[in-house]
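First up is the structure itself, then whatever we jot down about it.
A, B, C and D label the chains in the order they appear, each numbered from 1.
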Amino acid sequence: MYVGILGATGAVGQKFIRLLQNHPWFKIAALGASHRSAGKKYKDAANWIEDVALPDYIAEMTVANCDPAEFGNVDFVFSGLDSSVAGEIEGAFAKAGIPVISNAKNYRMDPTVPLLVPEVNPDHIELIKTQTFTEDGSGWIVTNPNCVAVPLSLALKPIYDAFGIEAMVVTTMQAISGAGYPGVPSMDILGNVVPFISGEEPKIAPETQKLLGKLDRGTLKTPGYPVQATCTRVPTLNGHMAAVTVKLANKPSSIKEVKEVVLTFENPIAHLELPFAPKEVIKLHEEERFPQPRLHADHENGMQLHMGRLREAEVFDLSFVCMAHNTIRGAAGGAILNAELLVKKGYME
Amino acid sequence: MYVGILGATGAVGQKFIRLLQNHPWFKIAALGASHRSAGKKYKDAANWIEDVALPDYIAEMTVANCDPAEFGNVDFVFSGLDSSVAGEIEGAFAKAGIPVISNAKNYRMDPTVPLLVPEVNPDHIELIKTQTFTEDGSGWIVTNPNCVAVPLSLALKPIYDAFGIEAMVVTTMQAISGAGYPGVPSMDILGNVVPFISGEEPKIAPETQKLLGKLDRGTLKTPGYPVQATCTRVPTLNGHMAAVTVKLANKPSSIKEVKEVVLTFENPIAHLELPFAPKEVIKLHEEERFPQPRLHADHENGMQLHMGRLREAEVFDLSFVCMAHNTIRGAAGGAILNAELLVKKGYME
Amino acid sequence: MYVGILGATGAVGQKFIRLLQNHPWFKIAALGASHRSAGKKYKDAANWIEDVALPDYIAEMTVANCDPAEFGNVDFVFSGLDSSVAGEIEGAFAKAGIPVISNAKNYRMDPTVPLLVPEVNPDHIELIKTQTFTEDGSGWIVTNPNCVAVPLSLALKPIYDAFGIEAMVVTTMQAISGAGYPGVPSMDILGNVVPFISGEEPKIAPETQKLLGKLDRGTLKTPGYPVQATCTRVPTLNGHMAAVTVKLANKPSSIKEVKEVVLTFENPIAHLELPFAPKEVIKLHEEERFPQPRLHADHENGMQLHMGRLREAEVFDLSFVCMAHNTIRGAAGGAILNAELLVKKGYME
Amino acid sequence: MYVGILGATGAVGQKFIRLLQNHPWFKIAALGASHRSAGKKYKDAANWIEDVALPDYIAEMTVANCDPAEFGNVDFVFSGLDSSVAGEIEGAFAKAGIPVISNAKNYRMDPTVPLLVPEVNPDHIELIKTQTFTEDGSGWIVTNPNCVAVPLSLALKPIYDAFGIEAMVVTTMQAISGAGYPGVPSMDILGNVVPFISGEEPKIAPETQKLLGKLDRGTLKTPGYPVQATCTRVPTLNGHMAAVTVKLANKPSSIKEVKEVVLTFENPIAHLELPFAPKEVIKLHEEERFPQPRLHADHENGMQLHMGRLREAEVFDLSFVCMAHNTIRGAAGGAILNAELLVKKGYME
């Protein structure tokens, strides 16, 4: 299938290009960016920051405007657009009958738009049918969550299903790549911690709740547990870490029972053998010093969720840390897995 | 007064030397270390890691064994000993009639030993009278808390006194200097987070509770709030940061009331004008991106407690971050302030 | 004396403010910045990045435009202006009769403008008399060199005077603070080396040659040794390091002779007792692992030049490393020392 | 073929395990380490520091002593031993008829031992025939160079062959992984540069000269150009960078001619299609900000040599920077490529 990338010159757009270059199903056929870049060769428009070489055929492609009229040859688009422009542009593509697999936040909380993590809530893709961008249903939008909501939802899913969640306190230690490029000035973060990330904390409750919600005759029933979050920036490159304490609705008999629940998590998309799906969705580390962003973020091509330090808590019931690659699992890679699921389920052909 | 330093070649010992070199009251008269170092000139025994020059007169001093017999000329000693040897050596000094101002953990939870932060519990020094190291009371031990318990107790003190504390969830982001030298291998921490620090989490509840305890006719009544802690190591040099969420016994009417309580904290030692006492004990930052270890850990000579992000919490009642210099306020500097208080109160002459 | 600061909100401007706040001779009376900042309180116009608190009286000062008409009350100005605007603005101040002590590059190579490092070429201030900004000589410009030329000139001075220099190969490892704020993106430098700094290498030969030049009846005779420089950026905060190999005109009899020359360097301004002058201008380290930016850049208030690894070279004659604090000795602090010398020499009253 | 790894628990040994786990020709059949580790399962003996998971079959292997008697089932061994023991152990294996592909320094300068970089001096393997460890020639030693000599020799090879080299000045910026584990304390290197690496500088001249030497009727004729080296440690993870200035024997007509020579370098092993051989041996970057350790060290599985900033020099003739992955190209990966060449050439069957 032929795909386009919106926001192709940005950090997320570059990650899409990197991850898609040898994809067995998808071939990049169009690159969209701002007016400033449109008309240039990609290699001249983008400041390539990935640690692999820019593929030659991408380097020579001409960047288009983010206008559906210039994307006639694609089956769907990935969007790595900034939220300041994503709302309008993604809507225009959907209206033009081009499905949008978006990493932007704009449509995430729209009740007709699936906020999707395939291992967590694959059935939510049915919501697509409630979208009204086009009369014939050919244009629609699917989103992936914020880069912190991704690891949290993957870690919480088996626990939520087994015990229910009544409250969560979370502190994150987030990597610099989460802020894009140029992003965080080195003077701010070298040997430092910044105890605030603008706009990050308010996303955690609604996004994880929507992800854990149950579709009931076309309507999403979402849990309402309160979340207290502190999001910090630390000098790591990739991999957002979260330290989590949760109150459970039904008390497990022991920590062993909780570990069993995590270790026997039934991955609902395992049988689909999607190219970007990790074999082991949740890696539960027993060594107390693990997981670590530098050592584990790239495992299973950056698509694995890492949990560790799972233990009974003195306050509430359960504590653990979880970590995933923020720009792969938490952004571009997650979007690609979403697209793979949608293809396999017949939403795109 | 003449002071000795036990564990003088280690990271904490070096910090004592650095901080004491121009002290108005205390003059270093003896340096103690292990057998391996004893007999050598300090400059040959120690691998000086401080970012100021090693003072010449210290460089030429001969290192002694940590034996009271070799410390005849001192009025008291500071101990930066490792906990593997601190118990025995500090006890020996106390029995020899030499007061010990210790940074080690060994005697912290001894009910007769003050665990002291002068701005938090100065009255606890009375416990000294219950010690039995010597018949005439000339030898005794006072300790300062773990480098995380120090900022936590300073931040919690006004809140605890005003509202009471029923539970606390805390995640720390701790600097590499907390592990001494050589300490954390660079391969473990460069661009990384390690979500575990051996032995750290279990200290937080008992130490902060002892600090907030009330002396009632010679007996310490300590609160029993549960604490859920996750202690992590991050690539910062100095300054332990903690993200805290607390449940209060008595609900404040508003976050403004909590801020008032913090801002009007009455420093019980303000009138003593101790040389190492910070003028403003608690700096409450209003900018959400503050405090930061690199920017603020050195303020007021590293003796200030920094709070920020004070806000109502979705879970429980109150969230904030706090940060202090871990090897100054949280170790050597805190011990020096303890000694100053004890001198001023007449315990040492 | 009352001083103004041009470019007061930038990184160098902030360093001027920090360093001048307790200066015994100079008091900040005016702060100039771009139109965007003019009219605002300083605390609202600047994103304070120093690791000490912004002084209250500065915080409340209103920022002016960089227009001599708005600086009527100052005796002279320090300029931390960006080179894109420094040429015009500094010229305007000089023409208005206000001496300019500049950190910008624009006038450095002007044959009538002293490029000044007080310990290296204090006699060059005579060049001021050849300037023609004003008829009565009341307005003029003095510059300090690039932050790499400063440590190089200080290290080369005794060697050049004793042996002459015929060629130099230098590789620098420069700190992120040299690029200002926001400056280097963290994605570019965390755990990385960038082997190029735009515009840096071509400054080294002409600036060090001008600094080592001799005034001969009003004309500067400058040496013409070739310089091959590679300037790199490394993830350090402060302190530019340089690895240097030089060919000497007259061969020393031994490395011991070279060390003697360095250790007995006669500081031409020692007797003036200027407030910002380091007591020991050149610290020659004998330990091979020294100097190090993190350990030594702040010594003597950041004004000391550190040399180390002084040794005979296999190629040419002599190798060494040198390091100095790039934003203090190499920028704002160096400019302040220049101003102090000019005051002492009667150029400003 | 079945291979053993000597020093299997160390940093280089771990890299061997990681790199060999899917090797098409070699299968790990024995792991040797010190007495302390021997008899334990590998997972219990080693502190795995690689950022991929420890392969299960390795985890469960029992560690042997580094004794040929315990390695009966291997065709040859890779040695990642520390130099303190490598001399004796490697010699013992060679005498026992087990070829040793070593990363240790002990035999590098032995005139009968090839110091081998396959793209530089593949013909040097003939020296094996002059070794006398065994009568039948079944046991011998081949070494790969120091992790700095590897990138230098690869960069210098085409230049040396075309123009000759008369002198070299080099400054290195070396990654922390070069010191093994625990290696460099984080307190020494976080935000710092250390301008000295013990034992590193003296290796550069003899090793690069031996690599560039010509075999003439069984004897190696090596060039004698002087080298002035300054080796520094910087806070990067992988990838040693070197800034080089060289004097050439025959002057190129222009920098374009030099670039041609580099770009048309004829890789003498290209036709052998060895599994670990990079397709493009030398990547010559045109962008001045490249190469960078973080962006380029992993290209071509860490086996590529990166050059950049190739330019005419003001001093001597030519300057450039070069960089390669120090623990892959510069250690374990280089050794594996050596083994592949030796297999292909019939030295091991």
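Basically, a contact is a pair of C-beta atoms (placed from the backbone, for glycine too) under 8 Å apart; a residue touches a chain by one contact, two chains touch by 3 or more.
Every value quoted in this text rests on a predicted model; they were computed, and no experiment measured them.
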{"item": "Comparison of B-D and B-C (more C-beta pairs in contact)", "value": "B-D"}
{"item": "Remotest chain, subunit B as reference, centres from CA atoms", "value": "D"}
{"item": "Centroid spacing, where centroids are CA-atom means, of subunit B and subunit D in whole angstrom", "value": "48"}
{"item": "Where subunit A and subunit B are represented by their mean Cα positions, the distance between them in whole Å", "value": "42"}
{"item": "Centre-of-Cα separation between subunit C and subunit B, whole angstrom", "value": "40"}
{"item": "For subunit C, residues contacting two or more additional chains", "value": "49, 190-191, 235, 237, 294-295"}
{"item": "In the complex, subunit A residues that touch subunit C", "value": "11, 49, 176-177, 181-191, 235, 237"}
{"item": "Residues of subunit A touching subunit B in the complex", "value": "167-169, 171, 173, 190-196, 198, 205, 226-228, 230, 232, 234-237, 241, 243, 245, 288-295, 308-309, 313-316, 319, 321"}
{"item": "Footprint of subunit A on subunit D - complex, ascending", "value": "49-53, 190-191, 237, 294-296, 298-299"}
